[in-house]
Amino acid sequence: GTKQTSDPAPQAVEPNSIIKIGVISPFTGPAARTGQEFKDSITMAFSEINNKVGEHPIEFKWIDSESDAEKAARAYESAIVNDKITVGFMDWHSWVSVSCMEVAAKYKMPHFFSYGATDVVNQKYKSDPGKYEYWLGKAWPTPEKLSIGYVKAVEEAINKGLWKPANKKVALFGVDNDWGRGFCAALAEQYKAAGWEVVSTEWVGLGETDFYPLLNKLKGLNVSMVAGTMSDPSSVSSLIKQSKEVGLKSIIASDGLGWVGEWYKLTGDASDYVIDQIPQWTTPEAKKFQADFKAKYGYEPGAAVAGMSYDYSKFMIKVLEATEKDYGSITTENLFKEGKEKVMTGQLTYTDGLLMKEYKYTPETFPDPVIDQDHYMFPVVQYFGGKGSVVWPDAYKNADLKIPNQ
Amino acid sequence: MILETIGVCKRFGGLKAVNEVSLQVEEGQIYGLIGPNGAGKTTLLNTIAGVHPPEAGKVFFKGQDITGLRADKICHIGMARTFQIVHSFPNMSVLENVMVGSVFGSRRPVDKPAKKAAEMLNFVEFPLSHDTLAGNLNTIQLKRLELARALATNCKLLLLDEVAAGLTPGELIDLTILIRKIRDNGTSIIMVEHLMKLIMDVCDKIAVLCFGEKIAEGTPQETIENQKVLEAYLGTKYVL
Amino acid sequence: MLEISGIDASYDNLQVLWDVSMNVGIGEVVAVLGPNGAGKTTMLKSIMNLVSVNKGKIHFLGQDITGKPIHELTKVGLAFVPEERNLFPAMTVMENLMLGAYTIRDKKTIKETFSRVFDLFPRLAERKKQYAGTMSGGERQMLAIARGLMSNPKMLILDEPSMGLAPQNVLAVFETIKRLSSEKVTVLIVEQNVNTTLTVADRAYVMEQGRIVMEGSSSQLQGDDHIRKMYMGIV
Amino acid sequence: MEKAERGFRKGMRFLRKFGLTPFGMAMLFALAVFPLVIQDEVITRLLISALMLGALAMAFDFTAGFININNFGYAAFWGVGAYTSALLAVKLGVSPWLGMLAGGVFAGLLGLGLGFLTLRLAGIFASCMTWFVALAMFAVTANWVELTRGTSGLSVPPLFHTTENIGYYYTIFVMTILTYVGLRVIINSHIGTAFRAIGQDIQAAQASGINVTKYKIMNFTISCAIAGVLGGFYAHFVGIITPTVMNTSHTVEIMVLSYVGGRGTIWGGLVAGLIMIPGMEYLKGLLELRLLIYGVLMIMVMIFFPNGLAGLYNKFFNLLGESFFEKGQRVKKGGEERGGRAEMKN
Amino acid sequence: MDPIQLFNIVLTGLLRGGLYALMAVGLSVVFGVMNIPNFAHGEFYMLGAYFSYFAYTNFHFGPVSSILCAALGTLIIGAVMEKTLFYPLRKRSKKNWIMNTFLLTLGISIVLQNGAKMLWGNTYRGITQYWPGNISIDSFKISNDRVVGFSIAMLTIAVFWLFLNKTRMGRAIRAVSQDETGASIVGVNLNVIHTLTFALSCLLAGLAGAILLSISPAYPFMGLQPLYKSWFVLILVGMGNVGASIYGGLIVGLLETFSYMKFGAGWQDVVSLAIIILILIFKPRGLFAKKGVKSISE
């Protein structure tokens, strides 16, 4: 006979004295390099408060997503069931978010600030806001809210007469998963709207490093512009490096080339002229963080990864503190309430981060953060010798788009 | 007539291993097949028993055309064989090996396969315990085992490929008796053999293959007096 | 030359040889006879250390070779032609023979041995380029013996060289053995073809159920009743 | 009194037909009451994984240990079952229970095809064929994004809408028993003899009247169908599947269980699963060191206990002069050497 | 398709294929001689990449010496591994040898992958180029590294082929692959040959990893793809056929690039696998299996 209990008895709410934060990230697998940065920057942020919020010691459970939706969901579930985490935090991949949202809903586990960016996450959230409300805020907006920069930047150059492209054809490439597909879909729309013809979209597998066939195909298409994105550092740097080897003449927009700090070591000057939309270490605090991080961990942090997750860690600390203040204790449920009532509504924000002026959510934008010059914005940069000069938007701009001899 | 082949051919690459061979084997006969090494004897048996279909020619068993039938089908209609290079089930016991024959060998399964298998092992005078693993047997013992397994299929025609190789003359006498006994139980036999003594003793009719072709056929006495056979096979100085 | 004293040998838990002793003198052709499963092959394999010996010693030219690795036995001057031939099927006749001379480093000696072997087996000289795997049974047997001779052995050990051969090839093999003995190569041979074997051998041992039961000169044994009945099929 | 004893004996013999020995039944009983006695979701989840992988290992052994072809692509059939059931539920709203069956049917059909493809192959060639087919199946699943969402994964509705796992536990428990008993009954019948014969010498099997095609295909179909049903279960249990379920690494995991358990025993895989899966979980905190240990363990087992747990078990009971399991299940000594060689030269 | 693009594809495919061939030769020799289906072959490729990386970046060796370092390093590790793992297994049991060694190699692969991860972490360690610069033929451009890499691969295979066919040692290796007992009877020391063979095979894999360092950076799990590919080649051409591995490698390389162009990434695998499966159906022993020879020795 099978023992069937009806609904589980509501878990006895005891004020947890230890707070266990479950951080989902790819600690192994093709994107492990990113996971490493997350881990280090989160550790750094929390060690600044001695891993303590009020009287509560903080512990971390590093949940390895291995860049795989299923493995991530299982690891997340096991962290909830076995390790009894108090709250979920972070995540780098859209497809991982999609699967972990399900787990969070099943166990009513509030989960803050996941990087899973593309529209699938928003759609899933909107398909049943009551069920998925535990997925509290994305750290990164859907691509279409930002990627227009890639179109604007080149259009501007054309209008200024800096560039007279032989044709207005663009070829897209993307990693074959929710991120790549979502990003390319957004980009295709925006290029088409600006009068470009999208002649081809190429998908590549996660972790691929040999792009000669792809690049030869792109070269054969004779397009003025190649744009796209990948999620793992080795793929994207290999692509850029090899594009020079085969002599691809098109301008390349490669979203995320600079996500990890050491990318330039892998590409060399093949990255010259490549454009990328990515936050920069501009403020003194940011530069200080960059140097501290390097001194502490021995490698160059990436702004979008280590830098921004540092900001979100601070935000998280703020949420923890506010929860204690508002509800007297930091429990899973109280954190959820705090998230739903304060963060989602824009009452609780984090200002003056290393990279953004303000991290803020409103019911209109939720689950995305507010995007504008005063809140959250990525500039488009063009690389030369491993350094990016900002070419868009005008507010931050310090150089014009340069065009290689085509 | 229990078996008839008409113009059977089989080639391997450029090599005509069997070329236009026609045989007729009567019911109740022991039919010998001799010839130099590499003459195509084994290959001929293989084409008859369905290991590989012939490229040309026909094979009839009891008047039925069996050309190109699969080996297990051929076994089911009553033709069993042993191999020159023995094939056994090394991880099964001797009894289990033979039981494979008694269970699967005929279309209608025997009611007591284990009993039948034991009977057959006794019939071929298998020297060791029936629980021995086949993997532990030597070649000679394996040949006996194969013989028992073939007989357990209730066959009407038995193809034997060098069952006597490696036997001492004393053991050969026992084998001669055994082969006669099998025939007397109503099974016709085609046997490939190099030991002329055995061939001369038991065969009713002999065919000689050489380079894939049949060069002579007849009673044992006729055959060994045939000049062609002497040259091609026996060698002039041969003593039995 | 070869002296086996009181060896026991077994496979797993099954003992096959019991206190077997025999010796072979220089230049002799010695035969081992016996029914199937008597342990003849096992005895040869124990000499070659392909089966390990539980008890007893084997001396070759005064040297203890019990348990010596096989590849070193060739250097001492033993050559073995096993029942299974163990040729290299995907290599040519020439390559097989070259490997036979693996332990010999001197190019000149190898060359001389080649001409000697081709003298003995003109058939092989004709077929230098043929793959061993495509040769007929008789030719393969010749090749196996020839390969054994390529190491210029002091003693050749043959296991059932006539098995599976057509009558004319059987004759050829025995002819070869005669010629070898006339060239003063010591030969130890296991055979079922008792009649013919006894015409080429000087002496013979009879082995039954893992024990030596009889020994004597060929002519002695040819006259023995037991032998005539059991092994020669003469009633 | 005597009558009762005779009745008992008869009963035991009857049960033995289904591969149930006193020892085995004691184990099953322990498994049946376990979650009732120890109510711990963590342990229950672990046991679910252990049972599922154990059942897969048994069905894998059905091919590898009997007809002697290692289905390198086994996980792909598991994955096909998972995707079939998941897609039916997601796209057509079919009940997961029916979906699992459908998964079994579809995987079985593909297994049938695989059986045909490997007909003329033996040894490592056959294994590689199964592997390539599986890699192709994986690639199709990963690239048919419109249907499967590709590598992004597919969320699947659960079997039971609770956070408790006991329902899943008894589902997989019953499935595992059915798998074991079913396979055992087949193996103990003449069909099993045919499988073993084919595994040891195809030519001899055919010459003795065994229809190699029929039995080989039958074997592949059954083994793959079981994988399919279990795949369906898995999909609804974890709630999300990605093409990585079809990865060779999963086949390896299953294969290791069946080898560590003991080839050709069926039950070995289950026992190995029940020991190793919780064991590995226990070591999880060690991160890569854990996998390192796993690898070293595998190496040690291969060098020192190539017959696996069943070999140890037999050694142990041979020492005691006792045998709880039937003879046919024993890992045979000696003769395998020849089998090994034959396999090599193919 | 215009001729220039065709030329591009063919050249890209050939360059890829050359390295598959190099991997496959090692795999095939170890399988042929020792009956070991080596599923840790990819990990030696990985080790080769790491060794070359460290030699090149940390010790500032030149490209050639870095690659040689990798070759030497994998050779030594291979030899040690044979002596410490396969040799004892061989001594202990020959039953089920193929499957036991198969699992043993899987164990080795897990250990090497995770060992590398523990030692060197998850970062990608790549270099931009050994030999900076391109070669241009008309509008077709190709990096020096690929051309040199291809040449090294071909040269190595040629040298290896000569070694196997024309030297005493090489002949002994082939002899062992065909008949172990036969080989030991003529005086070949099996232990030496086994160690040598395994070590050489590891060297070939390590060399491939080192050559490709600028294309695929060193990473603990990088060995998987090359392992797949070398098994494709091996099964496609048939067992133990060193010369034919070149054709096999090139065929697989071309097949991949062509199906990439036609069907895009991802489906490329489906197409090339389907073709290989088809070939296997009609040629179960592989395209270049030596006819007649093997079947008789069975």
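A few remarks follow.
As written, the chain order gives the labels A, B, C, D and E, with residue 1 at the start of each chain.
Quick note on the criterion: a residue touches a chain if its C-beta (ideal position, glycine included) is under 8 Å from a C-beta of that chain, and two chains touch if they have at least 3 such contacts.
All values derive from a computational prediction rather than experimental measurement.
Counting steps between touching chains, the shortest path from subunit A to subunit E takes 1. Shared contact partners of subunit A and subunit D are E.
A centroid comparison over C-alpha atoms places B as the chain most distant from subunit E. Set against the C-alpha centre of subunit C, every other chain centre is closer than that of A. As a whole-number value, the distance joining the C-alpha centres of subunit B and subunit D reads 42 Å. Inter-chain spacing, taken between the CA centroids of subunit A and subunit B, is 75 Å. Work out the mean CA point of subunit D and of subunit E, and you get 32 Å between them. Chain centres here are Cα averages; for subunit B and subunit C they lie 30 Å apart. For subunit D, the set of residues touching two or more other chains reads 142-143, 288, 333-334, 336-337, 339.
Counting partner chains per residue, subunit A has residues 28, 176, 205 touching two or more of them. Residues of subunit E in contact with at least two other chains: 117, 266, 292, 297-298. Here subunit E touches subunit D in the complex through residues 31, 35, 37, 85, 88-89, 92-104, 106-111, 113-115, 117-118, 228, 231-232, 235, 266-267, 269-270, 273-274, 276-277, 280-281, 284-286, 297-298, going by the rule given at the top. On subunit E, the positions that touch subunit A within their shared complex are 2, 4-5, 8-9, 12, 15-16, 117, 121-124, 126, 128-129, 134, 136, 139, 141-143, 146, 214-217, 219, 221, 256-257, 260-261, 264-266, 268.
On the subunit D side of its complex with subunit E, the touching residues are 70, 117, 120-121, 123-125, 128-129, 131-133, 135-136, 139-140, 142-143, 252, 255-256, 259, 263, 288-289, 291-292, 294-299, 301-304, 306, 336-337, 339-341, 343-346.
Contact residues on subunit C toward subunit B in their complex (touch as defined above): 11, 14, 33-37, 41, 135-139, 160, 163-169, 171, 192, 194-195, 229-234. Against subunit E, the residues of subunit A that register as touching in their complex are 27-29, 32-33, 35-36, 176, 202-205, 208-210, 212-214, 216-217, 219-220, 233-234, 237-238, 241-242, 245-247, 262, 265-268, 270, 299.
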